[in-house]
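Look for subunit A in each of the two complexes below; its partner is subunit B in the first and subunit C in the second.
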Partner chain A sequence: MKTIFYFLVFPGFLFALIVGMVASYIERKVTARVQWRVGPPILQPWYDLLKLFTKESVVPENAHLLTFLATPVLFMVSATLVAMYAGMAFFFPDAAFQGDLIVIVYLLTIPPICLILAGAASANPLASLGASREIKLVLSYELVFWMTIAVIWVKTGGELSLVNIMNKPPVMYSYSGGIASVLALFVMQAKLGRVPFDIAEAETEIMAGAYIEYSGPLLGFFKMGQYILLATLPFFISSIFWGGVNVFKYVALLVIVILVENTNPRLKVKQCLKLFWFILFPLSLVALILAVVGL
Partner chain B sequence: MINKVKDILQGKIIKWEEKSSKRHYIEIDKKDLRSAAELLFRKLELRFCIATGLDNVKNMEVLYHFSDDKTGVVYSLRVFTDRDKGKIPSIADIIKGATWIEREMRELLGIEFTGAADTSRLLLDPTWPEGVYPLRKDYEYGRKEPRGEDSCRRPNIKIEELTKNGKKTKIIPIGPYHPLQEEPEFFELMVQGEKVIDLNINLGYNHRGIEKIAEGKHWDQVTFLVERICGICSCSHPYAYVNAVEDLLGLEIPLRAKYVRTVIAELERIHSHLLWLGLAGHFLGYNTVWMWAWKYRETVLDLCEQISGNRNHYAMMRIGGVRKDIFNSEIDGMKEKAASLVPILDLFKGAVIDDPVIHARTKNIGVLSKEEAINYCVTGPTARPSGLDQDIRKIDILNGAYQLIEWDVIVCQNGDIFDKTVCRVLEMYESVKIITQCLDKLKGLKEGNIWEEVREIPPGEGIGRYEAPRGEVWHYVRSDGGNTPVRHKIRAPSYMNVLSNELAAVGGDVSDAAITLAAVDPCYCCTERMQAVENGNVKYNWEELLRLSEEKTKRLRGELK
Partner chain C sequence: MNKLKILSKSIWVFHFASAACNNCDIEILDVLTPRFDVERFGVKLVGSIKHADAMLVSGMMNRKGAEFLKDLYDQAPKPLAVIAFGSCASSMGMFKVSYNRVIPVDEIIPVTAYIPGCPPRPEAIIDGIVKVVKKLRGEI
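Presenting the complex of A and B:
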């Protein structure tokens, strides 16, 4: 019973969705102000969802029906699970379990996989191009992400529990932790699919890529999953690197995401791969060595 | 140069007409056309501008226009052929830039080009009946053609195709409606993975038949008509048109009118380049640049409004001068506004030209080499970044102030997207320079004398050119002494520039292709304004369409309940 409450209401689905919607509103509003536009009203994300859930979903003729229908839901559910585990560690330390760090890191790879499957199931050349780009994107950032997690693990003396990590002094106040936390910002940007890493949906090139055939409630599920991820990822990064979360830390991370998004053009997928493998990965290796040495 | 042309065409010339020092019409036999074109294009390195096809009723006439970009002289080769089943040798294999115009003349005038590799339709609908040529004189505008069974124009979007060497490839469609484009256009990218290996360009979605309409309008009305070819180049087209008519008349306009023309035309260049810069940012995913460029573009549009009363479609040009004057009392304010553009341009120069990610995305991407630029006959900011020093403003605008003031032509060398951007940004600085100088000069002139009275247009022909923001705009008019032009040929710059994409986009990624396709600053409404086809059928008018859609909504609502 309690688990269902955790999952559906707090800190899972409902809470994360609302936080994500607010975050999305802030993102859009700040972006608009930076670009000398007025920007949407605060309820705009809610209106968007409302609209999507009152429209019909069109399924393409040649699409693989089951995959096409299941992936949006899976996308949202896995995002919600991340929100639940990350939130439980913070709000209900007693209910959390040992090793939730690993679970979260694994769960975070499921949304991109859903997106890849969705793109492949759509029977659309642009969607399959989007899927192939998403694969390359995941391949690029996932390696660096694991390395930063390894830095955390070494720095905290082998801790795999979020609660214990948060109770230790923040990792980022060390050379290795500092490097790793900056790298984690890159990964966050890529995981959120924001410029310069919005390669997989690039609307002026491949028209939203994997999302192209989705409409109505199915797109709504994707949208909700994205809101939840937007709420969760800064939360998670903040808890593991900055020693816990509060409103300021969360907003600071959000602002970084928004600023980077608004001051960069999109990278090409090849350039993204090069950036992560040949520049950021060696850096993360340095961070790991420093961590092992004890700096 | 004139003597060189005479020498090289020795023995081929049937008649040499010198309309003015800058306009030469050379009649030759059509069997000599290929060798003559090759000599002019390859030996003398003249640029092929366009070909004009005319239906003289008794026969067909085709003019091939070549421009000398150093002196601004235009040599036009004139050939005649039979009206029915007329044949002319194709020159598309010598001059790549002639490919489209030959396809166009074939479908619109019914002239056969022997030896042409590509004889498919360029602008007309596939369902258009064979043997009906809409630009001929016996075709009245708006005539209805019987439609076939499958008459709805559905682009046949294929997913797979065989390439030239027999390999299977996927096709990524960019168009007919795509977020990359403001206008309907259809590029089929044949890709392997992300790599573009071939490109197919399909035109004709935007065809309005302006050349045919112009034949039914009074000389003065045509100025307004050509203004509506494109909202962005709404000064360049009328400018080129009045240049053409004034060339026919041999008229020089008052000095004040020259300055006013130059000011408004240069304002248009700045707003067009800012618009492109913004869109380029958007295509790269850099939306902040997009919004900022468009915000500062407002300053320019305000200036346009102050001068002409309109943000676009200025209605400033008239044959013999300009329609509206600039008030001397307002000049100081305008100069201030124009000067306020310089810090803005500095900002963009910094933001765009020094950004490492933009470098990564644009350097050595979509390269158009100098040789290919010559071969494809590209113009304007597509040609100048490739190292071609050609700007019509420097050489061939009699009725403009460009010879009276100081400014430079911007030429870059690499021909990639980055150079195209740099070229456009630097050109805006030059435009500000031109505007400021013109306004200064205007202040010293008395208000009021802004046009020559023009009453009759005598028989003859004239060529007018202007350097639009996207490149050379070309207008050719022929008069028989009547109220309307007998023939009005328009060639917009994108018509030459878009074809070069088939070279620049191939070999890059899909991401590169997106920005490459956009880097010529394509303007499809110009590209296709060409000749006469309305499908004829006005099937529904506005009220009916509204009624139909209301009915459908009602029906759907009923079904949903």
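Presenting the complex of A and C:
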């Protein structure tokens, strides 16, 4: 009973969705203000979601039906699980368990996999292009992400529990932790699929990529998953690097994401791989060595 | 709450350009700029017809374009508002007596609103959005 409550209401679905919608509103509003526009009203993400659930869903004739229908739901459920575990460690430390860091890192790879499957199942050339680009994106950032997690693990003396990591002094205030937290910002940007790493859904090139054939409620599930991820990832990054979460840290991370999004052009696929493998990965290696040495 | 009422608060627009002379297309981008910012009303341009709530048709409908327009309309998730944008799409404009004219847009698919002008001014476009919103809410 308690688990269902955790999953559906408090740190899980409902809470993360509402925070995500507010975050999405902040994103659109700040973007609008950067471009000297007025921007949408505060309930706009809610209207968008509500509208998507009142529309009909069109399934392409050649699509693989089960995969096409299941992936949006899986996308949302895995994002919700991440929100639940990250939130439980912060709000209910007693209910958290040893090793939830590993669980969260693994769960964070499921939404991109769902997106890849969705793109491949849509029977649309642009969608499969989006799926292939998503694969390349995952290949580029995942290595750096694991390295930053390894830095945390070394720095906190082998801790794999979010609660214990939050109780230690913040990892950020050391040479290795500083480098790793900057790298984590890059990874967060890529995981959220925001510019400059929006190669997988590039709206002006491949028309939203894997999402192209989705409509109505199915697109709504994807949208909910995105909102939840937008709520969760800054929360997670802040809790492992910045020693816990509060409103200021959360909004600061969110605004960093938004400002980077608004001041950068989209990278090419090749440039993205190059950036992560040949520039950020050596840096993360340096950070790991520094952490092992004890700096 | 009424379905169409919610729809009118978040209209995602798909742009179908059938051999337009590009003036209409430039004016569509105008209303997204700071001076006329239509994102205030939740209007957003999308790249896929599957995400669209409104289809903006600009340009002269020719024989090849008509088939695609019909196809796109059939593929789109309903309810869908169709807007004939500019003189050409609304009333065939100066091409009315041209040898290769086909049929006006409203004989291929049902049209919700017309936006006149060659090209329409941004104010006219916002007026068109107001018309669509009112029609969706059942006030006209």
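Throughout what follows, the second predicted complex is superposed on the first by the 295 of 295 C-alpha atoms of A that agree within 3 Å, B and C clash if a C-alpha of one lies under 4 Å from a C-alpha of the other, contacts with A are read in each partner's own complex, and residues count from 1 in each chain.
Everything that follows uses one rule, which is that a residue touches a chain if its C-beta (ideal position, glycine included) is under 8 Å from a C-beta of that chain, and two chains touch if they have at least 3 such contacts.
Bear in mind that the values here come from a model prediction, so they are computed numbers and not experimental data.
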| item | value |
| --- | --- |
| Which superposed partner A:41 touches (first subunit B, second subunit C, both, neither) | second |
| Which of subunit B and subunit C A:279 touches, first, second, both or neither | neither |
| Which superposed partner A:215 touches (first subunit B, second subunit C, both, neither) | second |
| Touched partner set for A:268, first subunit B, second subunit C, both or neither | first |
| Partner chain in contact with A:203 - subunit B first, subunit C second, else both or neither | both |
| Partner chain in contact with A:28 - subunit B first, subunit C second, else both or neither | second |
| First, second, both or neither for A:57, with subunit B first and subunit C second | second |
| On subunit A, the residue positions that both subunit B and subunit C contact, one per complex | 35-37, 203-204, 207 |
| Complex contact set, residues of subunit C against subunit A | 3, 6-7, 9-10, 33-34, 37, 39-40, 42, 46-48, 50-51, 53, 75-79 |
| Residue ranges of subunit A touching subunit C (in the complex, touch as defined) | 28, 32, 35-41, 44, 47-48, 50-51, 54-58, 203-204, 207-208, 211-216, 219 |
| Residue numbers on subunit B that touch subunit A, as the complex places them | 159, 170-173, 178-180, 191, 193-194, 281-292, 295, 355, 357-358, 360-361, 509-514 |
| Of all residues in subunit A, those that touch subunit B in their complex | 31, 34-37, 125-126, 128-129, 132-133, 195-196, 198-199, 202-207, 262-271 |
